[in-house]
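The structures come next, written out as structure tokens.
In what comes next, chain A is part of two complexes: it sits with chain B in the first one and with chain C in the second one.
Up next, the complex of A and B:
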């Protein structure tokens, strides 16, 4: 499990490999907050390689989204698998995030 | 020396000339007789004796004259023939030259025996010290007490009058005296392990023994136990892959003028290893005790948490409810609540606080208290959750936690089910005919957004419909190969057993869950509430 950070122009792209759960959520949070501190304002979290997000993982996404918005930035999500899409729909979290089907569409949407 | 005495006597009788052997002890001291035949009254003055090998001198010894030669070898020994006045030998010089190697050989043998005896005595002392040390460590619980006794014993064995045992404090990263000789340990200042001037800190960092000679400067924080040469030895705990430094043993103020020997180094290092094992053992015992205490406290917290959950009979006879909560850790964030309301209505709630452990348990307890207050104040589930959020908002923001919650009010008179759902994914009505209706989340979880929760309603077939609520711990439960149980499997079991009592249905679902997970550790709390009213 790890988080790869990549820059596509002024967009910070975070790839979540494996799971986003109680055990590693702080690592993701810290990495994104570090980028926010460095001036990053557009963030995309790509879940192509993510199998599972637990309730703590969802919590950290909401918390990051709030913090980024407070700085005038934006957090978008891409490539949720079917299970994760259902999870976002069932918990109404899909109303809180802009979710794109592919990385390209998400990048274009900024 | 018996052999030497016999040889001298035989020589005296055969040659009719007296013979004596004198020695000057190593490190100085008065000349003394080793053996003589016959015994003489006095001793020759030391300065008159020859120092060169093969040299023979006539020297005064009391009233007599003696012919003396030095015995070759590292020791200061002489052979003297005489008194010359009573010596019948024709050629005393030749006789003396004959006697010197004979005496040398005898003395060499005698000295070796003495050295071996001394060595043996020394080894005996060392073994005795090691034995005493392990005995002290074996029967003492307090490390400080053991350290003081060991320091005293080891100092006596190596002849040191000063010393200190310093142990690493992991919180402050300093070396602190737990025992001292020649000073009060509590007055010895702690030394930072990265102190560049301290010998103790260097020994701790490098895990290598250091011997300071008497003329090397003393570092002020180490002056309390330094007097002349100082031996500083690391206390190590050695595991198969690592040598962990735990402290330092310092010894100084040696009684003799000589420096510490290689034997002393080895002995102190052996003792230091024993002390290291004792320190590590004491630490492990302490950690194990605190772990045990923590487990007991967690168990207590779990019991308290379980007691917060209501008995299912509080809503009888209007509703029949079965519920079960199994926390992943001793305390968790899942909960349910039941409220008997006016005019035959029943309030049923399920909640899942994000995260586990104490913080989640605390939020869960707060949520339950707030729900109990607000459920009596309004019949509208949306307003109830809104009021609950108002009570918890500050705490949720502070802890960055949130609650996915569902609250329904069942009215068996008007046959209406009203509900509010803030991000709870698994809420269903299972009808008598086996149809399943999902009660979708109307809002994201409590604490995630500012907007107040809304409410919806649907028909409720009293006595037939089942309200099924469970948390994602159940549908996400993994088997040994990591496969999720899935929501469908849970619903299928419930549909299959829909005619049974809620208690029986809960039992079946948990049986099926156990078959799926086997002994795989739980990752999340499991909560299931089934209501018929």
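Up next, the complex of A and C:
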């Protein structure tokens, strides 16, 4: 499991390659913070390849979203499967994040 | 099935993979195998490793699985003196907690499993139970 960083114009796209859980959340956090420090302000996390996220993974998304907003930016999400959507609804995090059904729609929304 | 897991969060995904295999073998609903059990077990294991065993690499966590056609029961046992499972829980429905980084673990376990029990039995044990709908 790892995280691939790509740039689409001024948008930093992060592909989560596997699950986002307690064992790898710090890696995601560091990669996004590095991009934020380099000047990135628009972030999209794509969960096409993700089956589940635990509370630590949700927590790191909340923390990153807050840090990015403090710098005048935004973090958006795309391609949550139905199980992941349920997880965000259960925890009310669907009200905190802008979530797009596809990467293209998410990119257009910035 | 009973396995001894090194006290390291990097092993969590592999343990979950074994449980998912059993879940699918018993033909439980796909959501149970893809979401409910993985997330609940990840929470129980990270609690056991980081809180129960205090992130001590010399310790281990035992995971046992009792599966029938009607239910799946998982017990996660650490070597610690026990900890209050509810201590760091916050209600995610409370808007004041929406932007908290922590406090969703026990909530998710309870939301995704039929029963979550904690007891002491030569170590601290968390038992997760889910039945076939």
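The rule we apply is simple: the second predicted complex is superposed on the first by the 110 of 110 C-alpha atoms of A that agree within 3 Å, B and C clash if a C-alpha of one lies under 4 Å from a C-alpha of the other, contacts with A are read in each partner's own complex, and residues count from 1 in each chain.
FYI, a residue touches a chain if its C-beta (ideal position, glycine included) is under 8 Å from a C-beta of that chain, and two chains touch if they have at least 3 such contacts.
Only a predicted model underlies this, so the values are computations on that prediction, with no experimental measurement involved.
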Item to complete: Determine, for the superposed arrangement built on chain A, whether chain B and chain C clash or fit.
Response: clash
Discussion item. Just to be sure I read the superposition right, which of the two partners does A:23 touch: chain B = first, chain C = second, or both, or neither?
Written reply: second
Discussion item. Going by the contact rule set out at the top, does A:87 touch chain B (first), chain C (second), both, or neither?
Written reply: both
Discussion item. In the overlaid three-chain picture, which partner chain does A:96 touch, first (chain B) or second (chain C), both, or neither?
Written reply: both
Worksheet entry | chain A: partner with more touched residues, chain B or chain C | C
Worksheet item: If you stack the two complexes on chain A, which partner ends up touching A:53: first (chain B), second (chain C), both, or neither?
Response: second
Practice prompt. Kindly point out the stretch of chain B, out of 272-280, 326-334 or 380-388, that overlaps with chain C after superposition on chain A.
Written response: 326-334
Practice prompt. Once the two structures are superposed, pull the chain A residues common to the chain B and chain C interfaces.
Written response: 22, 52, 54-56, 58-60, 62-63, 87, 90-93, 95-96
Worksheet item: What residues of chain A sit close enough to touch chain B in their complex?
Response: 22, 52, 54-56, 58-60, 62-63, 87, 90-93, 95-96
Discussion item. Which residues of chain B touch chain A once you look at their complex with the stated criterion?
Written reply: 352, 354-356, 400-402, 404, 422-426, 440-445, 448-449, 472, 476, 523-524
Worksheet item: Within the complex, which stretch of chain C touches chain A?
Response: 9-13, 31, 34-35, 38-39, 42-43, 46, 50, 92-93, 98-105, 107-108, 111
Worksheet item: Which residues of chain A touch chain C in their complex?
Response: 1, 18-19, 21-23, 51-56, 58-60, 62-63, 66, 83-84, 86-87, 90-93, 95-96
